[in-house]
Amino acid sequence: MLTLFLLLPVTGAVLSLFLPEEKQHDAKWIALVFSGAAFAVSVVVFALFNASVPGYQFVNTFEWIAASDAGFRIRYTVGVDGLSAPLVLLLGLLSVVSVLVSWRIEVKAKQYFAWLLFMETAVAGVFLSLDLIQFFLFWELELLPMFMLISQWGSGRRLYSATKFLIYTLAGSAFMLVGFLVLGATAGTFDIAELTAKPVTQAVVPLTFVFWAIMLAFLVKLPTFPVHTWLPDAHTDAPTAVSVMLAGVLLKMGGYGIIRIALPLLPQQAHDSRLILASLAGFSVLWGAVITLRQTDLKRLVAYSSVSHMGYVLLGVSAMGSLGLSGAAMQMFTHGTITGLLFVVVGLIYDRTHTREISQMSGLMHRMPVVGTVFVIAGLASLGLPGMSGFVAEMTTFLGSLDAHPVATAAGIFGVVLSAGYILWTVQRVLHGPATDRWKELTDATSWWEVTAMASLVFVILAVGIYPALLTTAVQAGIAPIAQIMEGVS
Amino acid sequence: MLLPHIPEAAVWAIYAAPLISFLVIVVALRTRPLLAGRFTIGAIGVAWLLAMWALDTSIGLGGEPAAFHPHHWLTLFKLDVEFGLRLDGLSAVMIAVVTSISLLVQIYSTGYMAGDGGYARFFAFMSLFTMSMLGLVMASSLLQLFIHWELVGLTSYLLIGFWFHRPSAAAAAKKAFIVTRFGDFGFMLAVVLIWVKTGTFDIAEINHLAHAGEIAVPVLTGFVLGLFAGAAGKSAQFPLHFWLPDAMEGPTPVSSIVHSATMVAAGVYLLLRFFGAVEAAPEGVRTTIAFVGAFTAIFAASMGIVATDIKRVLAYSTISQLGYMVMAIGLGGYVAAIFHLFTHAFFKSLLFQGAGSLSHATNTFEMPLMGGLRKAMPITYWTFLIGSLSLSGVFPLAGFWSKDEILADAWNHNILLWLIGTAVAFMTALYMFRAIFLTFFGDYKGGAEPEHGSHGGHASHPHESPASMVAPLLILTVGAIFFGFFNVGGMFGHFVEGALAPELRHFEFEVNPVVLVVSTVAALAGIGVAAAIYYAQRPQSSVIRGALGPIPGVVEHLYYVNEIAEDGVVRGLLLGVGKLAAAFDKYVVDGIVNGIGQATRLVGSGLRLTITGQQQAYSSLYVLGVVVAVGALFVLGGGILERLAP
Amino acid sequence: MESPGIIIAFWVLAAVTVGGCLMVLVARNLLHALVFLVLAFLGMAGLFVTLSADFIAVAQILIYAGSIAVLMVFAIMLTPLAARDNANSLYLLPALAAGLGIAGLVSVVAVITPWSELKGDALGQSDPVTTVSAIGDLLLGRYVLPFEVASILLFFALLGAIVLVHERRGPREGS
Amino acid sequence: MLGLSVTLAHYLVVSALIFGIGTVIALSKRNAVAVLMGVELMLNAVNLTLIAFSRFSSAFGQNGQPLSGHVFVVFVLTVAAAEAAVALAMAVLVYRQRETVDLDRINLLRG
Amino acid sequence: MSVLATALYLGPAALLYLGAGVVLLADLIHGRRAVTGLLTLVTLALAAVWAVLQIGGGAQGPILGGAIVVDSFSLYFTFLLTAVTAAVVVGTSEWAAKVEDRGEFYSLLLVSVGSMVLLVQSNDLITLFVALETTSLAQFILAGITRNERSSEAGLKYLLSGAVAAAVLLYGFAFLFGMAGTTSLPGIAEFVRHAGDGLRLPLILAFVFVAAGVGFKMAIFPFHAWVPDVYQGAPTPVGSYLSVASKAAGFAVVLRLFYTGLGGAGTPITHDWAMLFGVFAAASMLFGNVGALVQTNVKRILGYSSIAQAGNIAVGIAAVAAQGTVGPSGVLFFLGTYAATNLGAFLAVNAVSERLGSDEITSYAGLFKRAPMTAVVLSLCLASLTGLPPTAGFIAKVYIFNSAIQTGEVWLVGLVAIAVVNTAISAFYYLRWVRTMILDDPEDATPIETPGGAQGVLLLASAAVLFFGLWPAPLILLAQQAAAALLPA
């Protein structure tokens, strides 16, 4: 089942590459069909996921590299638990959305969709892998499509941004590999479940180094101050769909990695680092928020807000307790939907106005009520309005982290206040105000693909906000064993 | 009493009715505005009827909480969030107030908003607001309360910015939300803190624990101050008061309900809801609350005296009256606070609707553009006058009774606060009658031209508003006149005290003659001064202005609070820090990254120079490499130094 | 090797050889350098003789002093327009450092290593009259494979040299 | 001087000196043919080392093959000759194209 | 030992030499009409088949007084070298058709590869030396075979640098021989294992000299400087042959020398050896990658990149400190995948450069439009060189780094850290190139034909790159078996 989820997008990618040149606009249909099928699979997985069964489910495994000695026994193992199941669902959904918002891609369409689908497979692999080397493989696999997508279909200084993304991520993941190898060499296995069951306590290099080597990659991906500056650039110059995927699922790879690997595999070191992590988290929240306040570029603004919001993930993690971790896990899901939606909307606006400068816009609500309304909904969700998914996640995070890190939590809560500031100010400048002649010709987003993309995300945001048990059941099942490990450490 | 005990479902229905109205409008009635209005009125009418039933039940229970069981909303590890209903004296009164005023305002709005392009949207938002407000007051859990608290804030935002094409409205909406959010920072901290320390969100339990001394003092202090910060934001207490006047950019019905009667009272309600905790908090905390309230009261009143926009006058008045209530809470005057909240809701709603009626005729809220409307709009005039008298605390109108209750509490506890309160009573009468004299007396100044697309009539010939607007005025006037009598003898007080733990109930109705006389004299003095200056024009207002030097200027600039907040805090501090942070990102973080990149390339260019194209260079490098390698290994691995040493 | 004849021979030959080498380095004219090179080769052959390596000494004279030197003369003659001076390139300093370094390191090792551990006189003990037959046995016995390969090497070196310098058959081709 | 015996170390030092000088020549001369001379000297030094070891080393006890060194030298000689032939051919080839064998000026490929 | 048995052992190399002669003869007799390319291929195929017969015929162990040894290690490389050479022959047949001295080219190629086969079988210093010099000499001539300015310059530089390297190598051999008293590698190993502390210095001297001599073939820092010039100047087929076959042979020799000749792990010099190659590896990676950043000529990029890759492989050499096959099997696996990868890259570049007449990276803009298959294959190979999944390069890097960390040495963890940072640097230039090809718009959109032979080889190479990226287990097992042959039983 999960292998199917992995293979569907890449199959679509290959098929779309083999389309004849003159039919390359049919690539979008291929992409839609395959990402849709993958989405269907992810829905089935999520629906069939049994929260009362401990451990991983839907496991597929076989011996991939069975080297005789040299400690290089690597299994192909995919499986989901309550932590990854929501992310898989999110990935399935956002992939469909990103195909939809790319509907009007004209330039090199078949390559575009091929890379997009390829990226879906790569990210899926990260969420599904239960083997460190396999995890690393997919982690690296995602780089190339991302680099290509930004550097070709982006705008502005796209090559610079793509390269920056690449270098940051590679620099981070490089050390992660070292960390993985040390762990694997010490334990004699790369299997995450085995390593979780029996954490390594002694290795050739101090385990603190190993922990930070691994964390660096995740912190870059998250991203956390001071390794965050690739994100605004990447977002700003990326095409809409890529921004959606980037904010929606790629950043989650960082948080997911922390919760799945860094914490349970090195609980003691994680525990010892919790103050640093909390400080980074609180700082990131505020740092991202104050910078967001003064952004004049719409996409950059949403990008910096992501820095702030992903700080909550780290905040929840740094509490190292069940609630904080659950909050972090939920925040990943909700941020994916909310910021994904924001990027969809911003992309739709950009498609029509061809500018991202906030100062150039005014009164767009008059011209595009649908887009405007969705923008407001996404914005409100982003600022943590109750009734929408973001609130539940943030609240859970704070409830989990206050006891451990009061100051960082206070900073986090203040970040919520600031988020209201930048979101509403943006809404005011972009949507409100008098309707100007310049945007007289703008049309609203009423095509089926645009409406579907927006509506599906709005639906998820509201559904989780109003009835969080949709998410929490799975999350609790996934977090419980990890929290147990972390709470057992002193 | 009259009716059987209300079932839980019926109480939920009070909450659900406006929600259904909202959903129906959003889904089906967007393009059928008239139907939307009627549907809203119907839904809120149902809610009102049920609210009356609930009130009746609650009275039957003597204000004691009805036994409803909470329901699980979110279960996650040790976090178990339960949502439920709390129907007791306090919430029953609030439910009744909210539904009543809401119903009247909806009716009023059908007239006021007639012809507006966003008619359906207006009623949708109004329904949503009513639902949120009801959810807020009925909540049995702190988190549930907080959620609706935020939703109320949202609807307030949406409604203030209802005419979003007006930059001022858009700005005001944003300001309202953000400023109250600053208060919510404290509230949210309080919510998180109390759960972390007690493990419960249940309001009754928190009150109980606090009162039983089972919450550590620092935690309790933090909790109460956090709640107070939230309350200060929502109830516009200094220094978070400055959003409320701007909020008058919203349609007048909105001001009438959201920004006078109900939402702004939510802060007061919050403190009352947690009265047990507030009482248990250290003395200093309560004193702080009382003084903040008192200061807000006099501070806002002073601005009310110089404002020229009638809605702003009323807004400052609202702030001032909320200050009263907050002061009362700080003084332990639970009943006084809620009683004033109750009466204030009616007469302030009435006054706002009166102001709306005025603008309906003149297309403006600027008092200098009105004048002499007494004859053209008699009903508006009379109802407005009664409302003003009630607000000023003139015997025997509603405001008299409730205000006196507060002043009596102040007299009993803190004479300084009583003095301030009395001064505010004087100022209240002064600014209200200044408004009356400026608008209803003298000559008509012609009003203003209608804005494009708005609802106004012909300003040159002002006339009385339609029945749909006048009828609510009349109904509210009844409240403004008579509702003060509810507490004569302490009936109201004992009822609302039913919501408290028994040991906290200490209300007794008493009449303090000194307070009564002094405040009445103060109010009458205020009316007299207003009449002298603005009716008789002896002395003329400009003369007084001159005599006061720079003070009126400062007041007219609202003590520069907006400037401090916007230019100082927002632009200077936040944006300044943002600018610095962005510069740090750009020059330091990116600088380092790009610097490393540049340095690497530079090193690359340098290394490239070693490949000179000349074979000797290559071989030299080769042999030198060998020499260095051998030498290094001799030293490191071979121990050559020891061997060479004699 | 205590015999004074050998000791004297060693020092003289060593001086000649090293001196010849130095002259190759410092000679101003390429052809003069070549002459000193031949001198060094001959000195080396003498050193071989002091080490009882008669066959090698002869081979040294034949191959080095003979054929290689002649080859070089041809090379110099075939490049008539090239400079005839024996100039140094820009890399004299690194070259000196490298040369001194390597000579120094090896010398130090040679001097301080307790070769006495290995001291013996293997050849002296057996002291064959000539090494020729023994070398021949080895070449056709134990080392027959490298021997055969060496012939291939020589053949293809020849072929290569021809390929490189033969006149073109037609107009220039290839990239 | 006559009292001293000539040992392995003597020969090794001589060979080291020759190797060093050869290195200097090979690395510093501009003319390709001169460079080749340096290389030949280096190879000669190696030969001397081999022969010296063959002569002196006690490693050649019962199992030792002292004459292997001599055989080695034979092969070195062979290779040196072949190498010289090819090198000189290459020099001539380069000369035909540029009328120089000055390595300082043969630097079309660089960087 | 009977003649037949000897022939069984010597078959592959002998066949290759014989083939060289036959090709030469055919060329002499038939001139330009001779099917020299085909003959070469047949020879290579026969040699490979013979290698299979060796396994079947039970040829195992040393012969000819220990001059060479046939074992799974040598077989691994025999296959690798013949396969690589065959791929070069097929992939560049179109280029070769235009070469004047085609027969000589093929003949020298066969001699070179035959000597390399001997080289990886060598069990004796003299055999090793002669084989090495034979293949080197052939390579020098091959580098200059087109005899134009660049080619001859490359040949001359290669030759003179190589001559110095050979002298240094020999000096090292001389010391090894002198101390051990034998030229046989096992004999030397026996000596090294029991060498007293007094001989430590000359031993270090000897093995550094030897390492330097072989390092020249491996092209690791600081013995690398000739690489960019020669890769650029020599004909691309020769460049690809050098970058893959010659490098592989270099690594094979260094492994053989260390395990069979220097006693393997656990001797007094093991640590020194490991440190030496650790430093060389780090320096190579840094030099190669940082140097490649500023290059604009694709052949030079590949040259610098091959220096960096040599650094990567040398990490495996540095990992010898551990007992077992950990280090060498990593090297063997890496070389196997690297052969496919780098050949793919070089042959693609050859195919393109032939048509474009330019090696500048800018002329690769929009190659995807002009020659889609070549561009895709080249991209795949570059991704593999970067070490991105799902290519073989990824597995190879992970495997070799893993082998370094498995040793449990702290400094090797540090070396791997340097290596992974270098991977990040290398992505910069590899992926820039990929992007240029795939995404940029070409100035001139006329399609570029890729010759059939080259197409086939490119497809095969990319198939191998992908196959070993997705299913590396078989090759890893082979590499481990081959490496096991190096260890004492």
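Every chain is named by a letter (A, B, C, D and E) in the order it is written, and numbering of its residues begins at 1.
Keep this in mind: a contact is a pair of C-beta atoms (placed from the backbone, for glycine too) under 8 Å apart; a residue touches a chain by one contact, two chains touch by 3 or more.
Every value quoted in this text rests on a predicted model; they were computed, and no experiment measured them.
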Partner chains shared by chain B and chain E (touch criterion as defined above): A, C, D
Leading chain pair when contacts are tallied as C-beta pairs: C-D
Of all other chains, the one whose Cα centre sits farthest from chain D: B
Most distant chain from chain E, judged by the mean position of its C-alpha atoms: B
Most centrally placed chain - per-chain CA mean versus overall CA mean: A
Inter-chain centre distance, chain A versus chain E - centres from mean C-alpha coordinates, in Å: 42
Centre distance in Å when chain A and chain B are each reduced to the mean of their C-alpha atoms: 36
Centre distance in Å when chain C and chain E are each reduced to the mean of their C-alpha atoms: 30
CA centroid of chain B to CA centroid of chain D, Å: 95
For chain A, residues that touch 2 or more chains besides their own: 167
Residue list for chain C, restricted to those that touch at least two other chains: 89-91, 94-95, 98-99, 102, 105-106, 109, 112-113, 117-118, 142-143, 146, 150, 153, 157, 160, 164
Touching two or more other chains - residue numbers and ranges from chain E: 126, 129-130, 133, 137, 140-141, 144, 147-148, 152, 155-157, 160, 164, 168, 171, 179, 201, 205, 228-229, 295
Every chain pair meeting the contact rule: A-B, A-E, B-C, B-D, B-E, C-D, C-E, D-E
Of all residues in chain D, those that touch chain B in their complex: 23, 26-29, 35, 103-104, 106-111
For the chain E and chain B complex, residues of the former touching the latter: 156-157, 160-161, 164-165, 168, 200-201, 204-205, 208-209, 211-212, 216, 221-223, 225-226, 228-229, 269, 271-272, 275-276, 279-280, 287, 290-295, 425
Complex interface listing, chain C residues touching chain D: 1-2, 4, 6-8, 10-11, 14, 17-18, 21-22, 24-25, 30, 33-34, 37, 40-41, 44, 47-48, 50-53, 55-56, 59-60, 63-64, 67-68, 71-72, 74-76, 78-79, 81-83, 86-92, 94-96, 98-100, 102-107, 109-111, 113, 115, 117-124, 131, 134-135, 138-139, 142-143, 146, 150, 153-154, 157-158, 160-162, 164-165
For the chain B and chain C complex, residues of the former touching the latter: 614, 616-617, 620-621, 623-624, 626-627, 630-631, 634, 640, 643-644
Chain B partner contacts - residues on chain C that touch it in the complex: 89-91, 94-95, 97-99, 101-102, 105, 108, 112
